[in-house]
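What follows is chain A paired twice: with chain B in the first complex and chain C in the second.
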Partner chain A sequence: MNIPWLSIILWLPLAAGLIALLLPRGTRAKGDMAALVAIIGAIITLALSVLVYIRFDNALSSYQFEENVNWLPSVGASYHLGVDGISLGLMLLTAFLAPLVLLYLANRSDSSGSIYFAILALETSLLGVLLSADLLLFYVFWEAMLIPMYFLISVWGGERRAYGSLKFILYMMVGSLLMLVGILWFYWWYHAHVGPFTFNLSDWILMNGTPGARIPHDVQLWMFGFFFISFAIKVPLFPFHSWLPDAQAEGPVAFNVMLVEVGAYAFIRFCLPLFPAASLTWAPAIMTLAVINVIYGAVMAIVQQDMKRLFAYAGMSHAGFIILGIFSLTQQGIEGSILYMINSGLTGAGLFFIADLLYRRRGSRAIRDFGGMAAAAPVFFFVFMVTALAAIGLPGLNGFTSEFLVLVGAIRANAVSPVFGYFAASGVVLSSIYMLWMFQRVMYGRRPAPLDGVADLQPDENTTLWPLIATFILIGVWSALVTQPMQPSVNATISAIDRGAGPTQTAPALDLLMPGAGMGAMTR
Partner chain B sequence: MYLPLLWLIPLLPLLACVINALAGKRMGKSFTNVWAVGSVWASCIFALYFVVAYVPYAPRAYETLAPFYWFASGQLHLQFGLLLDPLSMVMILIVTFVSALIHTYSIGYMADDPGYNRYFCYLNLFVFSMLMLVLGNSFLTLFVGWEGVGLCSYLLIGFWYDRQSATDAGKKAFIVNRVGDWAFVVGMALTFYVFTPRVSFGDGLRFGPVFQTVISVAHSPGGLTGSLRLVPAIAVLLFVGAMGKSAQLPLLYVWLPDAMEGPTPVSALIHAATMVTAGVYMVARCHVFYLASPGAMTLVAWIGLATAFVAATTATVQTDIKRALAYSTISQIGYMFIGAGVGAFTYSIFHLMTHAFFKALLFLGAGAVIHGMHNEQDMRKMGGLHKKMRPVAIQMGIAVLAISGFPFLSGFVSKDLILGAAAGTNFWLWFMGTVTAFITAFYMCRLWLMTFWGEEHWQDTLRHAAQGDHGAAEPEGEPELHPTPAVMLYPMWVLAFLSLVGGAAYWALNSFLNPIFGDYGSAPERQAFAPEWTMMLIAGIVFFIGAWVAWIHYGKSNVEPKAWMKKNPGVYDFLLRAWYIDYYAHTAFAIGGEMAARAAYEDIEVMGIDQGASNGLARGALSIGRQFRWAQTGVTADYALAMAFGVVCMVVYFLLR
Partner chain C sequence: MNTPGDVYLVILLPALLLVVMALVVILVEAFFPESFLGFPTRLATAGLALIGFLAAGVTAGANWGTPGLQVEDNSGMIILDHYTLFLTMIFCLGGVLTVLISIRYLEDTGAAVGEYYCLLLFATAGAYFMAAANHLIVVFLGLEVLSVAIYPLAGFLRRDRRSNEASLKYFLLGAFSSAFLLYGIALIYGATGLGRLQMAAAPGASGAVSGLARLMLALGPLRFDQIIGYVLTRGSYAPVFWAGVALLLVGFCFKAALSPFHMWTPDVYDGAPTPVTAYMSAVVKAAAFAPFFRFFLDVLGRRSGSPGSYEIYSHWAMIMMAVAILTMTWGNLAAVAEPSMKRMLAYSSVAHAGYITVALIAESSSALLFYLLVYTTMVIGSFACVSLLRRRSEGEALEISEWTGVGLRYPWFGAAMALFMFALAGFPPTAGFMGKFIVFRAALETGANAGHQNGYIVLVSIALINSFISIYYYLRVVIAMYRPAPADAEAVHLVRDRTAGAAILICVIGVILLGVYPQIAFGVLSTFRF
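Up next, the complex of A and B:
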């Protein structure tokens, strides 16, 4: 029998969430039951995802565990799921973060079935975005994702949650509509030049591989633009980032943690293979934005007074590295980017959990309200230290592996100048400034009176944070676990660019540092 | 020689760190001691075993790899790996032995500290990182140790974290180090870029294949061609990393004097004997890059010289015993870079070794004095301590003589070798190096005289301190120095012995290390302007003049010569504050940087993007909406009227068409 593993993984969280939501109201045990159902659902999802990881064939570049059923035959849309090297790691990340959030929230008196439902519905839509191999299906999940996110901020958010959630939803809608235009344009183009109506991603990619059917360069530039704005807002890329600090600061910890980097994923999944020539043309401009992101985000983080805003800007700086790696169009760069999405998701989760832990103890997110926590809470001190170090890329922890791969990719990039890599590497310095300064003000020095008798980590907090620490170390010393399955898929993407851009359209090697020292096209 | 056992050398201290972190506090001090100190001694014994077992095979290189891939992405396929070759053997001997001694000493020094267990966790983690640094078989494995020692330095400088100055200093150390690491990371990425197409799969960052490539190409007729022309750039980038770690001019030295906020044994181990010399080790490890790029070599030598000179002049007026030693460390590392810069890598490593002995001893002695003086570090408040602390005075005296270049003690031999090699390259390198040696003799003798000789101020100091502690009440009896326990004294005797006779290691070290530094091909013999014995004679005379000048000024009194200070306040201040480098760097980067960041946040982010673009768009949409509000009145009659008007228009249009 052919078990639809991906469908189970995809819909199980939503089902568990619905049950948690609908459990009979009114009994004291209800909250616990709802939590139990939600956590069990999320853990089974994680277990199945791990199973998929174990049974995943590292040698294949195509979709695996594929499911393809007609959905809307009249328009050519299908329920097409598949996992490949690019989405595998992010799928695991999503499935890993959801149970952590649920475990973290389960003991809180203000948690109820509805927030579990929101979290699990968000998990399903995130997984849907990652697993869809059909553009319309992808778009549906992309939009569906916004609903639980909006409610997470506007219902469970902080004081200015109305502002934060509205800003978030407006930014996202603008992007989504532009992308819809892009999708439909491509859809009609495909129909006009190839024939059938289809939203199937593989078919669309194939068109660019066929010399006759290739979309002209100037059309590609525009189509790319529509997708680009949407993804750039989601990433977020400077100057489309203004929603991020507000949404992150006002959003509850569940929102902060579950904000998986699907924008950058979509760049690799769609922009690169669908618009190879445009990707090459736009690459220098986007890499410039990426470097601005790295530096600008870090500089903004330095002067933040609010811990969650600081972490949000740190995330923006990380996003710059991710985009830099993608548009270096090298194997190390793209694989480093995917790894970076995972690492940034893990360390970001750790940091936002920590911000929430501090908020629990002091009722404040302002850095100046803290101090001297190190002596009072040694276990917390250790966890915070390791998380901060992972985020700033200390070798031996996960952040470094992805940062170094991205930098290697950016410096080796032949299509664009290595100069981007040199400037982005300044993130090494800037990240240590914002992180250590914040750490010093929160953990060291004198303790303000309200923090006297502050508690160290509680058992439920330990169960949330230690698994994260374990992944920091595991990926930090053995990143091959994550990058090895990626290789064939990333290679396929790069060759799709090579093919699609065509021999005449490959940008000349702009090796500013050593003109004439190019080493042939696209070394990898 | 079973190679995988090599892993035990770094992993034993790591294991001890983990065990103590988990259980040390609960199990008590002796448990902590057994694991923390025992593991480092065990590492030391393993290191000794490996050196003995390896000697017959020298100078061949052996590697042992971890059984899993750290990186796996295309050609960047890499495992953690350890390298066994003469250079790493010398380094692990120095590191494990000095570490073991300082761990032992710390049992006494830290005995009353509430953070005892935490201290040893950090110290063990440091030993692990340092050993990874010197044993790593690739740039990336080295970098694990490189950043690890930086982290431990950060943690240990800020060890007493309730003191603002301590945590500030720790943060500064980490950030300044990271400035160097920025260059280092770019250097590694470039190395990978340049060498990956030239070596077999996955070897683009492994030392052996990379250096072999340069060696095989450099002597071919074309020399460095193609992307190999980037090798000098890589050498400079890596050296910038070394400037951060090893505290070199022009800017990146600024963290080391502040690092003295940490416990004194930490200053001895990390900020004198081992970590700060990591840059020297790295340059020696990558000597092939430097030999292939003469420009980078020249840079290394002159940066080293400038650092040696500037730091030495600064040390002449310091009154805090640890700060004086810190500047002395910076100055001595400058000598090591002079050695590396003129191609005398063996001498550079030799000076690294002797310096580890005598500078560790100096700091441990200073620690004993500070311990005795109830945490007083100002030398003007000491004086005449030799009567009460005779063993420490003798040990420190030996170390002072060694570093100042008393003929045939360890420091004399290694420094003289470096200066001799420098003389063969450039007269001024030798000359200024010798002037610096004179200054060194002066300030080191000054330090010893101010602390142990001259008028006794320590009773007053202790009385004052006691009064401060117990209010205005007269303390009973005479103030007492804390005695130095045996567990602190014995390690110091060992180091004192090595400071005396360490110079004799020259012959062993020379024949052991020369083969690997000679792999690039023998450099042409360059004739110095004078024979070796003349230069030795000059070096000896220079020592005696320096010591004599110190004796004149500080033999009787341990206060600064007031007349001179009054006459030249500007010069005094200039020297005291290290040529104002730190002051200007702090103003420009820390204060200026923060101001710029705040301005960027307020002007660009808040006013420009958030209020301007984002909310401006929203306001725009809102006002456009308001403009058309009159159209949406909600009154049915209005809509009916509009509809009727539309119908009329359409009818008219179709009629007139």
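Up next, the complex of A and C:
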């Protein structure tokens, strides 16, 4: 029997969202009805994703649950879905976060069918990005993702939401259009050197693994660049990051939480296997940016007064670790990165939920407006503490394993100098400074004003936060749950790089021993 | 369908249906001023117009699968192929949507009704002839039928000064450009037809041939395939002929609103009644591109087959590239700073004409037709939304600033408008993205085949940069719609109009469907080669 599991997982959220949207508006009971439909849809999606996880064969590196139907045959595009070890964990993460956000919002009086629709449409497009194995399909989802995100900021955002949302979308579109150029270029190259028009990812990867058809090194460098800028903006990587604090600070909690690290995922999925030689050449330069990301993000986080901006910069610092792991081009590094994407998605969700809960209580996100909350709200205190420690990377909680793997990968890398790993390790210390200092100022210290309005966690808030805490601990003590399925796929990616970079390796590899040579390559 | 009579009927049927229905409408208006068959006349005429458009569209669709479809009448002046049929369906879709938007609008503005639908039907018949023309005189006749119907339509709100201004401006400049076109035709005839004219005029040479046939013989040299013959034999150096082609280009550029002949667009689009603006930006533009494409593809394109045709093609492609780049850049940059909704959409339609020109350069009829279909749904949808938002005092809310908070107050309306804006900006999964993607891809493919790829890459890159610029001004509308309204927000309100709502719904479905599953239209288009 051939049930299109992935299609069901992909489209179910959108369908539930449409129903929630179409339910008649007005009375409170109807609002609950919309929330109920949305939450049920999201939970079924999660259940099906877990089912896929259970039935996933950990020994295979290729796509599983594959579906391939003609979509636009005259240009060679197909509706091609598949899940492998790299996307499995992130698919689960996305399917897990959406019902949490919906649960969190269901009790808010200002929620309506339209925000549920936006969240579920965003879930569908995120899943589409993760599951598509066809470049055009991927591009469509990648772009479609922007529309619900844009509306989340511009309709439900903070005071400067028009600015935040416009900045967000303009940044994203610059990257997307450049990526479209890259995609078309590769598409043409494939047509010119292999024959048929196709957007199928596996075919493209295969071409670069075939010695005769391989794209020359200098062309690869440019193509890589087009993809790179788009993904780097999404991550965001250092010089392209300025949308992040504004969008995160102005965006509502649903946007903050659903900002899954698809940019870094796309690096592993597309940049590495499609441009193996270019990845090797660019690796030192990108690792440099990643280290800057780690340190710059952390330092910026230390000085932030606004909690959401602080968490945004913390996310940027985490993104630096993720990129560091990916471009170490080692098994540990990439596995650690994927795990890190999941962890930073989980802890980021926790932190932004907490920021929103604090805002709910006092109508402010400024750190100086808080203080001495520990005594007034003990359960809140505990939840916040666990989340903050998970974000720092305390052993026993989820953040530790991924950070450790990334640093080990970066230091053991053959292709690049271990120097990057040493510098990035300072991020571990810096993260404790920004996170614990903030925690201290919010939870201890002097009370700025009577704490009348500060209640402990309410039952509905508990239902959102405790599942997150449970995942922190689960992944913290048993990270193999996540890393096991990804091993064959990551291994295949790395060997694809080795194969694809084979002949061109001699000359660049010598340069690459020195990070300075990498910078030279960037200006060349 | 072997007898000539059948052939004539098949070829002319869509146009005949439109013209006959136009006459019926005007007669109903004249003889039944109050009510017709139990309906108020204003509704009955609209209904008849709808029937006319649907009948013509269905006729065109029904002929789609007819074998041996490429029939020409004896003179070869009109040609009925898939290209004509698909364009006819686009025109009729545009006509149906325009009628749906117009019913309530005309009522609210107090304009007389009957002749409005009559003129719309005539204009569409003219558009049909432009699509079916295989002869420059037919192009000109179709163009004039279309234009003469549009002049009064643009000025239909007689008491509105700006509507009058629009009509006058369009008429003066339109007449001027028609003269260019006609002069171009004359020069081409002078170059290609001299020998034939003498032959036709010479007594005895054509024996007992009737006057009409003699005229046909005399006009033969303006048929596209005859011009090809000329281009092939003497085309490489013939200044008179090329001067004629250049003038022809000016005429086409004016009608299609291509820079630098687009200056009339914002004023006319702004002043004309909004449903007419919708019709102009969709159907008139498509009609202008129809013969333009056919002429340049048939006569000057690479497919005419001679070794020299590559050289000719590359020359005019260069000119058209300059026109396309200028058009989209000018349109987009002008739209960025435009505070008025209709003028912004007018400049945006100029920019889109630039993208359509890319399909023209690519010589890809499937990309062109797909884009025109997509563009029809997007642009009529957005003008339909514009026509529904009115000021409390009087008239439509035409400043973008007046749209503040509209999306929050009218969620469905706002969502539809936002969808059209995203579609026009070219976001997937809307049809706007697929249209652009298919056009740009076709341009790159042509570039690869034509051997000088770099020009095409530059063209597509500039088109992409322009798409990026356009996001800013389309999103200005969306941003305004979702900004909390100030205290005097009640200054504008939404007109409850079921028929226009139906039109918007059709456009929404079209924009989503063509974006998510473009194969539904592109499949049939890519199976035939025009």
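The rule is simple: the second predicted complex is superposed on the first by the 501 of 524 C-alpha atoms of A that agree within 3 Å, B and C clash if a C-alpha of one lies under 4 Å from a C-alpha of the other, contacts with A are read in each partner's own complex, and residues count from 1 in each chain.
What we mean here is this: a residue touches a chain if its C-beta (ideal position, glycine included) is under 8 Å from a C-beta of that chain, and two chains touch if they have at least 3 such contacts.
Note that the structure is a prediction, hence the values are computed from the model and not measured.
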> Who does A:Ala349 touch here: chain B (first), chain C (second), both, or neither?
Replying inline: neither
> Among the partners chain B and chain C, which is in contact with a greater number of residues of chain A?
Replying inline: B
> After superposition on the shared chain, which partner residues are touched by A:Leu105: those of chain B (first), chain C (second), both, or neither?
Replying inline: neither
>> Contacts for A:Leu170 in the overlay, against chain B (first) and chain C (second): which applies, first, second, both or neither?
In response: both
>> So in the superposed three-chain picture, is A:Ile205 touching just chain B, just chain C, both, or none of them (first/second/both/neither)?
In response: neither
>> By the touch definition at the top of the document, which applies to A:Val383: first (chain B), second (chain C), both, or neither?
In response: neither
>> Tell me the contact category for A:Ile433 with respect to chain B and chain C: first, second, both or neither.
In response: first
>> Which partner chains sit in contact with A:Met341 here, chain B, chain C, both or neither? Use first/second/both/neither.
In response: neither
>> So in the superposed three-chain picture, is A:Ala283 touching just chain B, just chain C, both, or none of them (first/second/both/neither)?
In response: neither
> Intersection of chain A residues contacting chain B with those contacting chain C?
Replying inline: 170
> Can you list the residues on chain A that touch chain B in the complex?
Replying inline: 167, 170, 239, 241-243, 296, 299-300, 302-304, 330-332, 335-336, 372, 374-375, 378, 382, 389, 394-396, 400-401, 404-405, 407-408, 410-412, 418, 421-422, 425-426, 428-429, 432-433, 436-437, 440, 443-446, 477-480, 483-484, 486-487, 513-514, 517, 519, 523-524
>> Using the touch definition from the top, list the residues of chain B that touch chain A in their complex.
In response: 21, 68-76, 80, 118, 140, 143-144, 146-148, 151, 154, 158, 161-162, 164, 167-168, 171, 174-175, 178-179, 181-182, 185-186, 188-190, 192-193, 196-197, 226-227, 229-230, 594, 596-598, 600-601, 605, 609-610, 613-614, 618
> How about chain C: which of its residues touch chain A in the complex?
Replying inline: 366, 407-408, 411, 418, 422, 427-429, 433, 437-438, 440-441, 444, 448, 460-461, 464-465, 467-468, 471-472, 475, 478-479, 482-483, 517-519, 522-523, 526
> In their complex, what parts of chain A are in touch with chain C?
Replying inline: 70-75, 114, 136, 139-141, 143-144, 146-147, 150-151, 154-155, 162, 165-166, 169-170, 173-174, 177, 180-181, 184, 188, 191-192
